[in-house]
Amino acid sequence: MGKGRIEAFSDGVIAIIITIMVLELEVPHHVDLHSLLPLLPVFLSYVLSFIMIGIYWNNHHHMFHVVHHVRGGVLWANLHLLFWLSLMPFTTAWMGENHIESLPVALYGFVLMMSGVAYYILARSLIALEGQDSALAIAFGQDRKGKISVLIYAAAIVLAFVSPWIAIACYVVVALIWLVPDRRVEKVLLAAPAHGNTPGPNAPHP
Amino acid sequence: MGKGRIEAFSDGVIAIIITIMVLELEVPHHVDLHSLLPLLPVFLSYVLSFIMIGIYWNNHHHMFHVVHHVRGGVLWANLHLLFWLSLMPFTTAWMGENHIESLPVALYGFVLMMSGVAYYILARSLIALEGQDSALAIAFGQDRKGKISVLIYAAAIVLAFVSPWIAIACYVVVALIWLVPDRRVEKVLLAAPAHGNTPGPNAPHP
Amino acid sequence: MGKGRIEAFSDGVIAIIITIMVLELEVPHHVDLHSLLPLLPVFLSYVLSFIMIGIYWNNHHHMFHVVHHVRGGVLWANLHLLFWLSLMPFTTAWMGENHIESLPVALYGFVLMMSGVAYYILARSLIALEGQDSALAIAFGQDRKGKISVLIYAAAIVLAFVSPWIAIACYVVVALIWLVPDRRVEKVLLAAPAHGNTPGPNAPHP
Amino acid sequence: MGKGRIEAFSDGVIAIIITIMVLELEVPHHVDLHSLLPLLPVFLSYVLSFIMIGIYWNNHHHMFHVVHHVRGGVLWANLHLLFWLSLMPFTTAWMGENHIESLPVALYGFVLMMSGVAYYILARSLIALEGQDSALAIAFGQDRKGKISVLIYAAAIVLAFVSPWIAIACYVVVALIWLVPDRRVEKVLLAAPAHGNTPGPNAPHP
């Protein structure tokens, strides 16, 4: 089967997830700066989640770019990833509306961790189809970045009960891991021949 | 007419249905585990509905994969299916927010049953276009799986007034019927020649 | 410019409009049949609006099927149509939640009438691009159906203040006008040669 | 990488943004004209935002029409633009629900200004890929219109504290700047050869 519809459906779901989160920014009934202040943690949670989901969309885009065809198992592995991502508007709102407390921050990390695991399963199910010598398999490699991310999330869930801010710092670190080296990957992509454009080592995984 | 736009529109509607259901998970105002507890039936309803709609999307994807062209009647048969699916966020929320009681559980089953009927009508209108010897007609066959599903739903609606949990068990059974043999179907698909890839007996129907 | 993106964007907006209307079906806090009863007018309004927007999507699909390219003016004529359609969730909810009273029913008709006018402008701007001897121009013809619809809407707006039910009857009549002869159009389409498939006289207009 | 998916994802996000704004039009509980009156500023804010986002979609469409390929940096520049646009439902609602007061009107302008800046960054990142002699670079030119828009927004943010209505007038002026000369641009496009269709000087920027 072609990959067009799985890409289109994923784009649709991710576009909705990233956009409905803004509905959690409740419109204040007053017009002074003080009425905006309680929205600050909600807003910052929104920014963090927007970046996280942006990273997932980016990597999903890269990964399916080198995929040639899909099968039923892949459809379900993809739906599994979308399921965990679809919980982000809820965890983002719970974290933001309660001024960054331990349990909501830990749950936020849990959903991120499960999304990371789901992404790994999706990548594995695609590599099983594409073959171990495919561009995807080479690009995915040992997936150090993905494994480190999941470990940091696991640590953050525990650390959230010491201080939620340490956990938040962990999430920011994971986001930076995925944002920063993106440029290096791009250069690898440019150096590679036009068709066999691999997204570079460890690229397609948040 | 090409099938591109009917696929894109269906993807859009199903993506929105599957995503806005999460808005029913009302964000608690407290941060302890006890405040998450009342969300559990809502969450489990969400999981069940996510899987049900995932099955529909999967089968819709398979079915249109072997379709060559569409006509006005098909557009309306498809809209009819989307209508019943669009009621799932409502029935899911009513079932979840009331801790699994008879009437909401029966209504949930009724919408599922009508979705099944609508899917059958859509498949029949596509087969009428494609011909009785088309890949679609062969794959759809007697549609035993679809007919059994509708019968189980009908039984579940009645049984919900004995115990809502029996009805829920019926819905889980239908979901398993559609989830489990998916792998067998895939093997049929692989065995088949590349172009005439039929989704296998009874495949495209939830 | 190609027509792909204007189709995709319209599909997206119409998919969202048709789906978020269901959010107006407020989940009852009780589980008896009596708590569903007040939802009946909201539900029937939803069914009517679902059909109306379904007709628009159907006709939009038919119309752009015979269009070859678009231009800036068409993008705005299309956005103008989407603007009026985007007001339907509001007018549907206001009509449904107030048990079918005069003013909401009249406003509902006003938005339908303006959507009809916007569709006419869009069709005219497309015909100006395609030429007076194009398949689109021939199919659109004198657009008797579109003009009659707008006249019925105008009458319904006035009649809503006599009895809202007369106005509702008018809307149902318009829906039937567009639903019923669809099959005849399909036959015209089938009779026509493969490429120059015109949607038949007066077809692409709700 | 191809541009298909970045276009599809942007279409999805913009379609949702432009549509969920209408959810801020709270359905009145009464059916007289007086109950519609308080909705007037919300409605007018909706109309203004609908036009603004329509302009962005239009220009995004034009700009990507002449783009040949994208890269990771472009994906993030595009997400950055979508982030600012995604805040428009919030600022629109805050402005509309408080009867056009200084601070909400200034914040509305701030988000518009940041969207303008984000669009500029996106255009620059695309031109860096396409080359300084590309159709896009020539069309974008010195981007006088974009720079003037951002200056007007900056002035409007300050002037909102003198009178919010002056700021609103500024936003309307920017909208007119982008709406009116669109027709001239179209003529340039028609005069240009088919493939090298540039959107004309300063066109792809709101």
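Order of writing sets the labels: A, B, C and D. Residues in every chain begin at 1.
The rule is short, and it goes like this: contacts are C-beta pairs under 8 Å (C-beta built on N, C-alpha and C of every residue); 3 or more make two chains touch, one makes a residue touch a chain.
Bear in mind that the values here come from a model prediction, so they are computed numbers and not experimental data.
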Copy-to-copy rotation for subunit A and subunit D - C-alpha atoms, rounded to a multiple of 5°: 90
Interface residue overlap between copies subunit B and subunit C, same or different (over half shared): different
Centre distance in Å when subunit B and subunit C are each reduced to the mean of their C-alpha atoms: 27
Inter-centroid spacing, subunit D versus subunit B (mean Cα positions, whole Å): 38
Chain centre separation in whole Å, for subunit C relative to subunit A (CA means): 38
Subunit D residues counted as touching two or more neighbouring chains: 8, 12, 15-16, 20, 23
Subunit D contact footprint on subunit C (complex, rising order): 1-2, 5-6, 8-9, 12-13, 15-17, 20, 23-24, 71-73, 75-76, 79, 82-83, 86-87, 89-90, 93-94, 97-98, 101-104
Subunit C residues touching subunit B - in the complex, by the definition given at the top: 7-8, 11-12, 14-16, 18-20, 22-23, 25, 27-33, 47, 50, 54, 57-58, 61-62, 65, 179, 182-183, 185-186, 189, 197
